[in-house]
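The same chain A turns up in both complexes below, where it pairs with chain B and then with chain C.
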Partner chain A sequence: MSADAIRVDNIRFSYGEITAVNGISFHVEEGEIFGFLGPNGAGKSTTIKMLTGQLSPKDGEITVLGLDVTRESGAVQSQIGICFERTNLYEQMSAIENLKFFASLYGVKGFDVDRLLARVGLKDRGSDRVSSLSKGMKQRLMVARALVNESKILFLDEPTEGLDPTSANNIRNVILEERERGATVFLTTHDMLEADKLSDRVAFINEGEIVALDTPHNLKQRYGKRIMKAQVKTDSGELEDREIVMDDTSTAKDMHELFSNESVVTIHSEEASLEDIFIQITGRGLTG
Partner chain B sequence: MSVKRIGILLRKEFGHGTNSYFFIFAVAAPLIFTVFVNLIFGSFLEGKAKLGIFDHGSSRVVASLREMKSIDLEEFASEEELRGSVERGTRDVGIILQNDFDSKIANGEPTTVTAYIWGESLMKNRAIAASAFMHQIRTISGKEPPIDITPVSLGEKEGVPWKDRFLPMIVLMAIFISGFVVPATSLVDEKEKGTIGAVLTTPATQAEFFIAKGLMGIIVSISMGMLTLILNHAFNTRLGLLMLLLFLGAIMASCGGLMLAAYMKSMASIYSTIKGLGIILYGPGIVAIFPQIPQWVGKLFPTYYVMNPIFEIARKGGSWSTINRDIYVLIGILAVLIALAGVITSKTRQYET
Partner chain C sequence: MNWRVIQALIVNDYKAFFRDKFFGIMTIVGLILFILFYFVMPARINETITIGLYSPYAAYLFDNIPEGGGAIFHTVESEDELKRSVIDNEFYVGISIPEDVWASYLSGKRPHIYVFYSADIPDEAKEMNTVLIGEMINELSGNAIEVEEVEIVLGPDMAGRQIPYRDRLLPLLVFMLMITEVIGLSNLITYELQTGTIEALLATPMRIIDFFAGKGLTGISLAFSQIFLLMMITRSLTHHAGLIVVALLLGVMMVTGIAFLIASVSKDMVSVIGWGTLVLIVLVIPAVTVVFRAPVSSWIKILPSYFLVDILHKAINFNIGWSGNVRNILPLAGFDIVFVCLGIVILKRKVR
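And then the complex of A and B:
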């Protein structure tokens, strides 16, 4: 990781009276997977639209691959790939026709459509009309479309939403492969485990403002508490849960008392999740 | 701007936009209307111009006319029979020749010829019959004879057959349904499905995207206009001028459709708006159907300046000198429309993606 692939400086955008993005700043390094997390309406999609040149910020500056997105959107768009949150494929065209059409718009030479379809697990459905594909298949095709030009930056807006666990895992592997290739990935997702697993760094956006930005590990260190979760059997034979906060001055004493006074059935340690941290910071959940 | 990308986008339009309901409707509607009007008021197989002649002497003109393949000639034994035939509509034009006709034209003497004209005959047939007659006289006399033709209209008082009255409307439908509706619905469909966002985040620019849609409308519009004129036997003279008018009309239709679609977000809203705009698009055609309406009313509609010159050429044998004023007005309207379309469509991205 070295230079900045994306640099955002104090950008704002509003839809009439409603402020969607309120002066956010961050940077994404080349080759990094950057998780952009927030609930619906937090400003994620508006930010992506500004980063990809679909919307112009009312204020602030965005530089992508060293180019000013507002002034040089065409040059930026030729070097990025986008997987939209909403399915927006040509439904009357086949999967192959969709991919070939977009590859031709990018001017890709020697485009290997079969290989790309195989990467997203759609090799056998390439000739089918998109309208006949399932929601999950369409989502995989959306990801494939974002890959047609082997872009320097991938913007993936909820790429695994609606996918079964196997397909979602397949897409996560594709994202990691892209990082291996050298691409930068800007990822928004509701799946906190996914963000945790894939992202080098994550930013939490809430009500148009970035409220936290760091590596998942650092965020957990800073905001999260490790706990020990135990299940004990009471005198009446019922099972009850017990929690002991770790890294506390009383941890050792609490542990001793647990094992001395209670009949412990199961016990395991648990780290704070990114969602826990988000709730802790903002007072609201990510799905809200 | 990349011509190659416009070509790619245009190919996509024709490859996958042509199976939409609106495309099929745009292509089918004027054809169905043509068939409908022809079945009721005319015939697709309406052949040659029907010329009747009563010759008091034995003019060489009649013998020459018999040899002409472009007209259907019938000779009559009396003036009354000829008149009756024209009155019934079995002949488009009936001509009476005096017994000294040939010697008069040979000597260059002024000659009067009475021509009965069936009021509901097609203008094209009248023109063909008259020009064939004059051509034969010129051939025989070797010069332009001083002939004074006295036309006598018989039959329907208004003199314009219903089929001819419907022609402007059919031509307007052909040009504007396809040229207007096809790009407009295609654009709104892309907005509704979000595909415009996917395309405009590739190197394809907004201008390329709109030009491809506009070109599709223009090509379909010109094709439908030509086809409709051919089916109505109206694509037979001054083809260069007719093509120019079809081209200008197609640009007007396409620009109008894209401008409208730039503001629309759903197929339902564009469909209802197109229905509402029908009176503006087809107003001059409606005026032409009903001669009782003052014909200047038609001039208030922009589409009049497409329809009228086409009608003038196809049915009245008009030339550049008779239609150039309409064409200048049309070019003026187009300049305003194209400028407006450029401004409006450039704003679309902010609203829709």
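And then the complex of A and C:
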């Protein structure tokens, strides 16, 4: 069994009277892509700030790479990379200057800026000022900045939010490459499809509390219903939808009746999505 | 403190500072203009006073006036010419003795002597000239009071070597350079806060103490290098160089603390310039009193910039060294500690 890269034990944080994180506990294994999912304001960014030593929890303990983040934030921060939700680059400087500056802060020797820019698809734009780059390019540069120190853990806060498909896909590929390298990835997002595609395990956070945590497959097994969706032609020639719940005692009988009595035009099975499960557990959607 | 991180931050700040066209151009052009301005100003002061005389009926009175002692006398042909010359500033003062002066005198009346001044002569100068002319007439008429004057100059005797305006201007130029850099440094910090780059910096091995050290050293080095260059080029470090350098270092440290304070209350470049201008107006007051030889009110002596201006003025223009400036160095160092500590504490709260 892998060691824990991150261990969180009953942490809390509040902004004045408002409780942002309310006693959450979880662990992330080394080399794992851990999806941290929830709607805006659920406590994702506050959690990531506590995990990276930017905020101190009011209560509870956080261990990252075996170090207490509150007491040894410097040692932790030298071994992690962070991609912030908000674009915070030096706009009047070039992409290369931004990356070289951060590499010098980490004391990276033999830093290969061209290779890193090529990984995020910005090789030809390295000398351009950041202010002249598109939103997608800036976001890819933010991801590249999180990679300058070849960190053991990558914290990515909504890395693909609002991006064009090309940029989003590029970032997803980088995340998978990082896992191949052996890095642990802590990914917050409210894009459930992305989380499903990338994450080894996901945690649902809602109103500061973790409401579910498992692999996407197990969550679907536990909470989701497999459905057979069919389109049939009625006597009047119109198309109508039919749904049969699978894994039920009446499934075989319902299927038999469908094919015996109706004219089936199309038929396919459908799995519950993580979004469906989130709604089922919390009673609210992810965009709210 | 992590010196590698601090060094990287300073290099980045210098790039960012000069990449900003406004501050880059202001710094370079400002320095060149200040140096040019210094050298355009006259290097010497004309210490002689030219006095115009009109006295057609008593001209012989002035025949034996000895010239020297800083006064040059010129006689003119008419009272109108005398007035015109005074208005045109050819004469500092014009004296007209009317034709009935002797008749009045002999009849026991007090004769009138007319003294013409241009409109911009201060009252003190008018009073001084009135006394001078009275003494002169007494001497010419043989009624001089027989007293022996003993001159004792308290402080450096500046007779014959009055301070040129350009040297009086130096403390003001120093402050103008300092304030430009205060605004520049405040703008750099405000940018970090506004855009959230500070969040990214503090998530690296950089600690907040490294951040303040980096920003502080950037501000100090930017301001000091320019002021030092100004002082070198204007040859103002020929006397008491050690004292002047220490005073300037204390001065730039003080304004760096002020830059932290400005950054903590500013939201963007416009508010930085607004606050910076307000600070400039207050801090340059002591330097302005030096330029215009205005009396120094007691409230000016509590301004933090007063002590630096006084050290520079005394050291550069009066050749007064450490012993005469102890009373300035200590309060200046005190203000340094206050502003730097206050700036760090307040800005740290905003960063957090």
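FYI, the second predicted complex is superposed on the first by the 287 of 288 C-alpha atoms of A that agree within 3 Å, B and C clash if a C-alpha of one lies under 4 Å from a C-alpha of the other, contacts with A are read in each partner's own complex, and residues count from 1 in each chain.
Note that in this section a contact is a pair of C-beta atoms (placed from the backbone, for glycine too) under 8 Å apart; a residue touches a chain by one contact, two chains touch by 3 or more.
The structure displayed is predicted, hence computed values, not measured ones.
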Task: Determine, for the superposed arrangement built on chain A, whether chain B and chain C clash or fit.
output: clash
- prompt: Counting only touches as set out at the top, which of chain B and chain C does A:Ser45 meet: first, second, both, neither?
  reply: neither
Query: First (chain B), second (chain C), both or neither: which does A:Gly107 touch?
result: both
Task: Could you tell me if A:Phe84 is touching chain B, chain C, both of them or neither one (first, second, both, neither)?
output: both
- request: Considering only the touch criterion stated at the top, classify A:Thr184 as touching first (chain B), second (chain C), both, or neither.
  value: neither
Field: Partner chain in contact with A:Thr282 - chain B first, chain C second, else both or neither
entry: neither
- request: Would you check which partner chain A:Thr160 touches, where first means chain B only, second means chain C only, and both and neither mean what they say?
  value: neither
Query: Once the two structures are fitted together, what part of chain A is touched by chain B and by chain C alike?
result: 52-54, 74, 77-78, 82, 84, 86, 88-93, 97, 101-102, 104-107, 145
Field: chain B-touching residues of chain A, taken from the complex the two chains share
entry: 49, 52-56, 74, 77-78, 80, 82, 84, 86-93, 97, 101-102, 104-107, 145
Footprint of chain A on chain B - complex, ascending: 4-5, 8-9, 12, 15-16, 19, 193-195, 197-205, 349-350, 353
- request: Going by the contact rule at the top, pick out the chain A residues touching chain C in the complex.
  value: 52-54, 74, 77-78, 82, 84, 86, 88-93, 97, 101-102, 104-107, 145
Task: Going by the contact rule at the top, pick out the chain C residues touching chain A in the complex.
output: 4-5, 8-9, 11-12, 15-16, 19-20, 195-197, 199-207
